[in-house]
Structure formats: structure tokens, C-alpha cells
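These notes open a run of structures that come right after.
In what follows, chain A forms one complex with chain B and a second complex with chain C.
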Partner chain A sequence: MDEEIRRVLAAHGRLPVDAAGVGDGDDLFQLGLSSHASVNVMLALEDAFGIEFPEPMLRKSTFESVAAIHRALAQLLPTPAQS
Partner chain B sequence: MSALPMTASAAGDAAEPQAALRARLFEAKLLYPLGVTGLYGYSATYQSILDAVDAMVTRWGTSLDAERIYFPPVIARSTFDHTNYLQSFPHLMGSVHIFTGDDREHRALLGRLEAGQDWPALLEPAEVVLSSATCHSLYPLVTGTLPAHGRYYAVRGTCFRHEPSVDPTRMQSFGMHEVVFLGEPADAQAHRDVGLAHGLELLSALGLVMEAVPANDPFFGRLGTALAVGQLEESLKMEGVTTICPGTPPTAIMSANCHRDHFGRPFAITTADGAVAHSSCVAFGVDRIAIALLQAHGLVPERWPADVIGRLWP
Partner chain C sequence: MSRRQPPFEAAALEATVRAAVGARCAVGIDLVDIDEVQRSIETLGDAYLDRLFTEHERASCTGSARARAASFAARFAAKEAALKVLAPSGPRPEWRSIEVVRLPHGACELHLHGTAAALADAGGLSGFSVSLTHEAGYAAAVVVAALAQGGGARPDGGR
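Moving on, here comes the complex of A and B:
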């Protein structure tokens, strides 16, 4: 999943750094993710993972790091069927 | 982010006193309804209030040696493209469309008109859009290097925001008079702060009960609230608000906005030593101020308190 998150960041985040080298916990806004680019990232994540971020997740903190995005997606993606 | 959506919260339960105020302004023939919500003609008396408020802003600008420039209600689309307004406020902007066809297409246009069909669909976008903020027109004029210590500008124009409302202070087309500074970052921040205080003082002296509040612009989209929170946290924009209709949320009648390099960068404006210029503006919503005065002091300006008259018509 993190690989796909970084791919989205690289394609839509307009980061001044290489998204592949961003640490899980690095603050993306401090790295230069603009407010508007975060909207693009949000939409691209929704397309890539086939989900929609619900209202309570529509805050900057949801998109502040790869780990934060991972946590949000983990809540939204269907959990593997339990046997 | 660019200046000033002059926001007043459009609370549903606030609509009644606002609609009542609008009805009084119509009845007194200060405003005239033009068939579309939020669009008005206005009387000579109303215009004289606008003129007096404009003159007050001009006196301030003159004291700062500001260059005065007046702008039309439309702006070059190529300029608008650099303001980032479309990114933040696509729901408020308006575009101008024109007819570029031949005889045959003209006939099709009239055919649609006569049939009550969607004739504007046959038009083409023009090279201009409606101006969303007066200061937008200024920036391409100052592309290049600023003088040492920066420069003040006093700019007046008519702006468009598509937010139809029965609240007469929320017009689709309204006057905006701004005192803009371009220069060093610290000086831009100082103009925002000092200008906010000065603007509040000017309006308080007109008998309006003013309060300064951090503003959050009505950014578009599902992340709009989050973007507004960011703006609040950084306190980039402050508004001078006053309660126009008792029992309704206060209305912003001025704002003070530090843009940092938001305009300096895309318009290639640099300080004397070659750094990207920062900008800030103090914007007066001239129509909103006029309506606030009419509501506070009565619909006949001749009967306003003598000190208010003295300040507006010195």
C-alpha cells in the first residue's frame, strides 16, 4: 500500500523532493505539500484505492504523512475476509 | 486567499432580518432590484455614500503616498490564471462569453433565444473574466523590480462573486477599495497589521461597532474546511466585522490579508535587492460599509450624527 501512496504523492503531490525517499512519518506539509496539492493527492488516492474519504477524515492531519494516509486507508479498505 | 470574500455566515435563520433590511432599502429607493438575487441598481444618495467612503480610503492612501489606480469590472483571463483564484474559489468566479460566429450561427443563436433554449451554450469564452478582487488587476502592472522600501497602491474596482443571497450586503457585484503594499516580507506583514488597526479605527469613527476576527475564506471543495483551518492557524487574513442586522452573525466589511509571496512569485515582482516581493492588502467592502452605515444611522444620510457626517464629508 505504501508503494502506491508514494506513487500518488509523486504524481500529484508536486513535492520538491523525491516521494520515493520520503520517510513514513515525515511531515509532508513541511516537505512542501501545498494545500491545493493535498486536494489532488486526496482525489488520486480515492481513484487509486476505490474509496471515498468521509467527512471526519477531511482534515490536513489525514494527509500529513505516508503513515497517516496509510492509517486512513486501512480504515476505509475492506478488511480481508476472516476465516 | 486573494483578498476578500468579505464573508458573512449565511445562517438560515438569519435570512429574515436580512430580507427585511433589503425590503427597507428597496422601499427607500436606495437600492433597486434588478431581477436577480444579489444584483442592484442604486440611487444618487447611495452613490454619494460610496463616494464618501471611497474618498476616506483615498485620504488614507494619499497619506501613504499610494499610487491610485481604478480598474474595470473585468480582468484579463491571463492575469486571473495567475491569481490561484480558480484553485480556491471556482464556485465564486464568473466568466465572460462572446459571440464569434457567422450568419448561420447567428441564426442558430436567435433560434434558441426564440425557442427559450440555452443560447449561451453557443458562445465562446472571451479573453476576459469578471474581476474577483480589485488587487488582482494590479499585480501584472508591477511585474519587475520595486523601489527600495516597497510601494503602496490604492486600487478601486467592481468585483463579482457568485453567491446570490437575500442579504443585501452579499451582492454579486460590489465595490472594493484596497490599500495594497508590495515590498519586503516584514513590511508586508506590518502593513497587514497596522492597516487592519487603521481600517478598524476609520470605520469605528463612523459609528460602527467593529471587531477584528481571524477569517476563514469559503474555500471550495471537500477539503475546503481543512484549507480554511490552515489559513486560520497561520492568521494570514483578518476581517473587520460588524453586526449589521441585530440577531444575525456579524458581517465582514473590511479585511486585511497578508499574501506573502502568493502574488509576488507568479507575477515576478521583486524587491530592490532581487528577492521575491511579498504583498498585503487592506480591503474595504465599500457597498457593505454603505449598508452598515444606513442600517446604523438611518436611511437618510442628512440626519446622520454630525460627527459621522463630518468625517465622511469633511
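Moving on, here comes the complex of A and C:
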């Protein structure tokens, strides 16, 4: 799952650093993730994993790190995710 | 302008003046790269437009691909600027609950729905006003709202 998250970050996050080298707990907003880019990441994650982030999960902290995105996806996917 | 009975007109004027000079205000601003929005429209298409913008907003953004991207970028900036005014301590309201309504003569108003409207009520915020602009590669928006006396329950002071 984390590999797919990093692929989405690389394609849609417009980070000034290589998404492959981002640590699980690194703060993506501090790395340069803009609010607009975070929306793109959210939509691309929804497409990649076939889920939709509900309004209660629309908070900055949901997308602040690879680990946070992993936790959010794990709540939304029908079966426990293996990373 | 229609004629009204003097007492009503005086009361309306008083309310307007009080709103203009007596109210505390909350302000939010946001800046968006138009290229990024154009790229999002090209790569994510309707999933992007349908999730972020209301039917009215989509109908308001017309013209060339570049012109549409600039208009959508300004509207996205307005939603983010409004979010800074609303300053939710929990989840943010979904994007379509903050709507830029284009009036027939071209000026724009900000309309809040659902969770966004509830946040405004809870925070004592009213009289929202929005201004949009785009120039060169960027679109920007400023949102202002009146903060009721005794309001300001927003936990971070409305940064």
C-alpha cells in the first residue's frame, strides 16, 4: 500500500523532493505539499484504491504523512490492508 | 431604488452602518497556481471538477481551457480563503458547501451550505464577501466576514 501511496504522491503531490525517499512519518505539508496538491492526491488515492474519503476525514492531518494516509486508507478499505 | 417607509429605511441604514464600522471582521486569503489547476482538469477531469465545484460554478467557468482553469483556480482560492475565515477545529467542510455565485452583472457572492453554513453560525460569522482576481500565472481570492459581538469562538483566533 505504501508503495502505491508514494506513486500517487510522486504523480500528483508536486513535491520538491522525490516521493520515493519520503519517510513514513515525514510531514508532507512541511515538505511542500500545497492545499491544492493535497486535493489532487486525495482524488488520485480514491481512484487508485476505489474508495471515497468522507467529510469527517477531510482534515489536514489525514494527508500529513504517508503513515497518516495509510491509516486513513486502512479505515476505508473493506479488508485490513497489508503493507 | 425603491422607496420605503422612513422608519424602516432608518433601521436598515443603522444596521448597514453598524455592520460597516462597528463589527469586527475575519479575513482569509489564498493564492493558487493556474497551471496546477489546468493540469488537474486535464489529468483528473470530472472527478476533480465534480468533487470541488458546484453545478453553478462549473457553468460559470467558460471559455478556453486556460480561461476556464483561471476561473476555477480563483474559485478554489475563494474556498480556501473562506476556510481560513471559518477556521474549523475539526474536519473541513467539503468544497462544494462553499460556493462562489456569479451574479448576472459579473460580481460574485459567497454562499455557504451544509457544514460550512453551520460552522459560520457557530462562529458568529455572517455577511460573507468575496473578491476574486487572476493575473499571469496565479489566481487569488479574499474573503471577509463580520464577526458577531461575543463571537470569536474559533479556537485559533481565525488565522
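The working rule: the second predicted complex is superposed on the first by the 79 of 83 C-alpha atoms of A that agree within 3 Å, B and C clash if a C-alpha of one lies under 4 Å from a C-alpha of the other, contacts with A are read in each partner's own complex, and residues count from 1 in each chain.
Just so we're on the same page, a contact is a pair of C-beta atoms (placed from the backbone, for glycine too) under 8 Å apart; a residue touches a chain by one contact, two chains touch by 3 or more.
Just so you know, these numbers come straight off a predicted model, no measurement behind them.
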Return the chain, chain B or chain C, that is in touch with more residues of chain A.
C
Quick check on the superposed pair: does A:56 touch chain B, chain C, both, or neither? Answer first, second, both or neither.
second
Examine A:76 and indicate which partner it touches, taking first as chain B and second as chain C; both and neither are also allowed.
neither
In the overlay, answer first, second, both or neither for which of chain B and chain C A:67 touches.
neither
Kindly classify A:47 by the partners it touches after superposition: chain B alone (first), chain C alone (second), both, or neither?
second
For A:15, using the defined touch cut-off, is the partner it touches chain B, chain C, both, or neither? Pick first, second, both or neither.
neither
According to the stated criteria, A:39 is in contact with first (chain B), second (chain C), both, or neither; which is it?
both
Considering only the contact definition stated at the top, list the common interface residues of chain A for chain B and chain C.
35-36, 39, 55, 58-60
Going by the contact rule set out above, which residues of chain A touch chain C in the complex?
12, 14, 34-37, 39-40, 43-44, 46-47, 55-60
Under the definition above, what is the set of chain C residues touching chain A in their complex?
30, 32-33, 36-37, 40, 43-44, 47-48, 51-52, 76, 80, 90-95, 115
Chain A-facing residues of chain B, complex:
84, 87-88, 221-223, 225-227, 229-230
Along chain A, where are the residues that touch chain B in the complex?
35-36, 38-39, 42, 53, 55, 58-60
